[in-house]
Amino acid sequence: MFAITAARSSFEDPLSALEAGERPDPEPRDGWTVVDVKAASLNHHDLWSLRGIGLPAERLPMILGCDAAGIDEDGNEVVVHAVVEDGGSRPTILSEKYDGAFAERILVPRANLLPKPPELSFEEAACLPTAWLTAYSMLFGKIDLRPGSTILVQGAGGGVSVALVRLAVQAGHRVYVTSRDEGKREKALDMGAYAAVPTGDRLPERVDAVFESVGQATWAHSVRSLKPGGAIVICGATSGEAPPAELTRVFFLQLRVIGSTMGTKEELATLTEMCARTGVRPVIDRVLPLDRAAEGFRAMAEGALFGKVVFTV
Amino acid sequence: MFAITAARSSFEDPLSALEAGERPDPEPRDGWTVVDVKAASLNHHDLWSLRGIGLPAERLPMILGCDAAGIDEDGNEVVVHAVVEDGGSRPTILSEKYDGAFAERILVPRANLLPKPPELSFEEAACLPTAWLTAYSMLFGKIDLRPGSTILVQGAGGGVSVALVRLAVQAGHRVYVTSRDEGKREKALDMGAYAAVPTGDRLPERVDAVFESVGQATWAHSVRSLKPGGAIVICGATSGEAPPAELTRVFFLQLRVIGSTMGTKEELATLTEMCARTGVRPVIDRVLPLDRAAEGFRAMAEGALFGKVVFTV
Amino acid sequence: MFAITAARSSFEDPLSALEAGERPDPEPRDGWTVVDVKAASLNHHDLWSLRGIGLPAERLPMILGCDAAGIDEDGNEVVVHAVVEDGGSRPTILSEKYDGAFAERILVPRANLLPKPPELSFEEAACLPTAWLTAYSMLFGKIDLRPGSTILVQGAGGGVSVALVRLAVQAGHRVYVTSRDEGKREKALDMGAYAAVPTGDRLPERVDAVFESVGQATWAHSVRSLKPGGAIVICGATSGEAPPAELTRVFFLQLRVIGSTMGTKEELATLTEMCARTGVRPVIDRVLPLDRAAEGFRAMAEGALFGKVVFTV
Amino acid sequence: MFAITAARSSFEDPLSALEAGERPDPEPRDGWTVVDVKAASLNHHDLWSLRGIGLPAERLPMILGCDAAGIDEDGNEVVVHAVVEDGGSRPTILSEKYDGAFAERILVPRANLLPKPPELSFEEAACLPTAWLTAYSMLFGKIDLRPGSTILVQGAGGGVSVALVRLAVQAGHRVYVTSRDEGKREKALDMGAYAAVPTGDRLPERVDAVFESVGQATWAHSVRSLKPGGAIVICGATSGEAPPAELTRVFFLQLRVIGSTMGTKEELATLTEMCARTGVRPVIDRVLPLDRAAEGFRAMAEGALFGKVVFTV
């Protein structure tokens, strides 16, 4: 079958490690099932894999892709939960230990399948299992924010940030967004953000919660933007992981810092239902056929996206 | 000033206890402030007061009305939180111990004022502090339901039920509604309910939570509609309070029954913000000038409403 | 191997359905393992099984017993979590679908084994997985009570009630106990209860939480004993399941009713550790060799126990 | 009346800023009441005040002391909650804005009084409102740890650390303690700690929660000692506030960092009751008459304490 593969790894030039071509069909495995992929979406995780981060050389070649929607062996339209629990010491994500979604077919544990609601297209459904699930779990699974709260999303444009803004607006929050890029700030406002300010600018008020994926470059601003008792929920640290921890502020103002990664299958089910029941749909930057996947990888590497890149099969 | 008053009480003919006319202006009180009422809304609580329930004879005459929006002494547009804490043994609601909102002016504790957002009219804001706050607190303050959950609202048409449906649809829940009245079921669907069924009909699936205000007539149906681990949140029992408790089902399926009444000032603030940030607006059945308040009371007594009755001053 | 079996069922004379004798050794099963039972303890569940409640005729004969401690195939001392998840529609307890603990050997899922701490004897450890785990989960897993809270345990003497009192005293709660039996009230005081009163007597103060297993006979008293916002946690209803639900009191005082049954494997692990780290030990009424199990069943049927009956193998 | 006062401030030589002598009696204030102090206890907060940290020059002279137990104007034995809410922008602690406890009499808001249980002496009760309340709130109010969990307390000997160990042992946790001082490690074992290791040594297992007051010197060890999903609860950072935040570990392992300072009046009430109901009593290093307070300050400045210093009046 046709597939997009990490054939080697290159930290400097990740795109050079990408290969498109024929791969053997998945072999049956007890408790697992094959899904005919209809659409799959791209994540930063895929770029990191090409750089060799999280994907050791002995596992290569590996079919990339965490996010898939398609049709199962019984003809049902399904979304695939990307977190695989195989009894190992910790769960992995599709394409870390088992071949991923950028292929005509993917083998996954039967328990990882969820019905795709008819209200969502395959392209839309394929955006949910990683970036959108991460955002959903940060907003609704890790802290208890009443609708109508005031929040800050650091960064605009990345898959998780866009999802955070869109979901938080639906939930009725007052959403501040920061970005260095004026175009991305305007797009955040179009999605319903209450205000969008340049990165690092002081907000006009303190917030109940900050949602972080930037890390070092925005950490001091995040800590200073919180009300007493407020929370920072963090799912990444793309600019660095070692800002000063500011412990005095943390204990004196009773702040909370809450780490978050991915989400549960139950959370993916309710996220999917939430999208089906409301007008919320993943923001898609572009849709490409799978054999042009390299174009999508390149756009992501250049930071030129607002929303998700989807590959159709 | 002009006001609508419970002059006496009559369980059989509550409307006969209603009087419209001049009442003395409120007198200053330390820590309290006067609001010029612009709009006030009607609740079942006002009818119960006319029947003598919760309003003992020695407190008569009492200006009725729990829900007010208006202008404070500094010219700010405000909403009034209806729960008064005066250091007594338990909090009371406006019109239980202190004169209420159906008047040109109302005296309230300064701490009970919240800013009215410009996005909401006085009529809309005046619907929030009792029925809508009760619904908001039931949905978002008493249990932890992720958006996209499946719920049942027993009864359609009452102020709290309408608010529950509208808020739950915005939150992305799959909302079932029951009603004996086909017209009200259709209106619930218009508000975004997923399905509306005749009272007592078996649902096509079990739900995560039931929202109850009916009580005895629907209790067995509510208990049987829950998934294992599900919750009934209850704010009233208009049809009776003494159905069998069904304790075996409660412990064996690990169900929860959660009583709820009104909400906090902080919840009213976030409810107001949620309305300002989204398209959610209180459903208003009719708006009447305060001197025609009796018409509104009559419509409520006849059960002929879908949404709130608002009086303007 | 020697085992104690429900050979038939008799609602009227459950002891007549009990048989002691040889049974085939367990057969190997993928993912399951055999434990050499050293001690097992008796629960009301075993009496109900003999009456045919929860144990249909087509599953007979069934080896009884939910609670076991022993030695696994690798020579480790273990406690067995009694809740079996086999992918069926709902979990079952040992002796409901799979043979139980009153035998020389028992076959259980490997995942159900927990290490027995050396601080606990086999007899003590064999008391934990059902009655004590139920109590532990009610106190520490279902509500959030700070140490030093005020609680009521309805009934004294039963396995769960004794465990509730003992664990709650260790946690620093002020524990009220009710019982019709003066001897049991005195024993509750010996375990550290703050006060023990005749069933139905009004308490000198209202409590934060009530722990119920009696049901109908004590329900009205439980509801009236709570502070506003208080909770009833219920794991059984031995006197009946259909008292009036008292819905007005529930919603007006914002009470909570929380159903609870058994507990998780993680809770059994921390319960075991809690016992190892403190002086808390299960209260054992008597220890009998397994071939005298009928004596223990008879004592339980007569209500003549304070604490657990343990069988040694 | 006789009192111990911060007469000036000296960062280098805080003891030089201490004065003992006559001060005017407190003057009546609406809603406040006078307590005849019977015992008061010393906290690091008092030393910081002498250094000028948290106590600006314009508020001097200030009677020191946060922790008091005594007799109120009606003759009741009381404990005083130290957090004063006077409608200012944030709450303060006794001796920050209002005169403190090291005096014959203290003026406090009436709402800050709690009954002292007869089971506790005045000396014991006077240890609870600051260090012990902080520890109680960290353990039981800020996270949800089931009894029998595994925890680490960084540092041994300080008032909060000793309280953490003592309360956690009562709760049935498996408690690891670190200290550079072998004598303090031995005392921690005497209090029931499971193991005590030199500061920075790797623990034999990962823990559910770490309790921090040391900060920079132990932060990396704290982060590495946690299980996935574990929590660090922090109430101070005596060795520095700016260790690297280790954000990757935080989000990838879904760790939580939870700031905590003091506790509520309700928490002080249940802490007091917990002590009354169990054998838990504050660990007192020494008791001195108030006129020898300087000796206690000196011992604390030298780090020579294990437990609290109490002054009697």
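Letters are used for the chains, namely A, B, C and D, taken in the order the chains are written, and counting of residues starts over at 1 for each.
Heads up, the rule we're going with is that a residue touches a chain if its C-beta (ideal position, glycine included) is under 8 Å from a C-beta of that chain, and two chains touch if they have at least 3 such contacts.
The UniProt protein names, listed by chain, are A, B, C, D = Zinc-binding dehydrogenase.
Keep in mind it's a predicted model, so treat the numbers as computed, not measured.
Visitor: For the sequence-identical pair chain A and chain B, what is the superposition rotation angle on Cα atoms, to the nearest 5 degrees?
Guide: 180
Visitor: Examine where the copies chain C and chain D touch and state whether the two sides share over half of their residue numbers (same) or under half (different).
Guide: same
Visitor: Roughly how many whole angstrom separate the Cα centroids of chain C and chain D?
Guide: Centre-to-centre distance between chain C and chain D: 40 Å.
Visitor: Please work out the Cα centroid separation of chain B and chain C, and write it as a whole number of Å.
Guide: It comes to 43 Å between the two C-alpha centres.
Visitor: Scan chain D for residues touching two or more other chains and write them down.
Guide: none
Visitor: Go ahead and list every pair of chains that touch.
Guide: According to the stated criterion, the contacting chain pairs are A-B, A-D, B-C, C-D.
Visitor: Could you pull out which chain A residues touch chain D in their complex?
Guide: Spelled out, the residues of chain A in touch with chain D are 90, 215-216, 219, 228, 234-237, 240-261.
Visitor: In the complex of these two chains, what residues of chain D are touching chain C?
Guide: Within the complex, chain D touches chain C at residues 136, 140-141, 144, 146-150, 167, 169-174, 192, 194, 267, 269-275, 277-278, 280.
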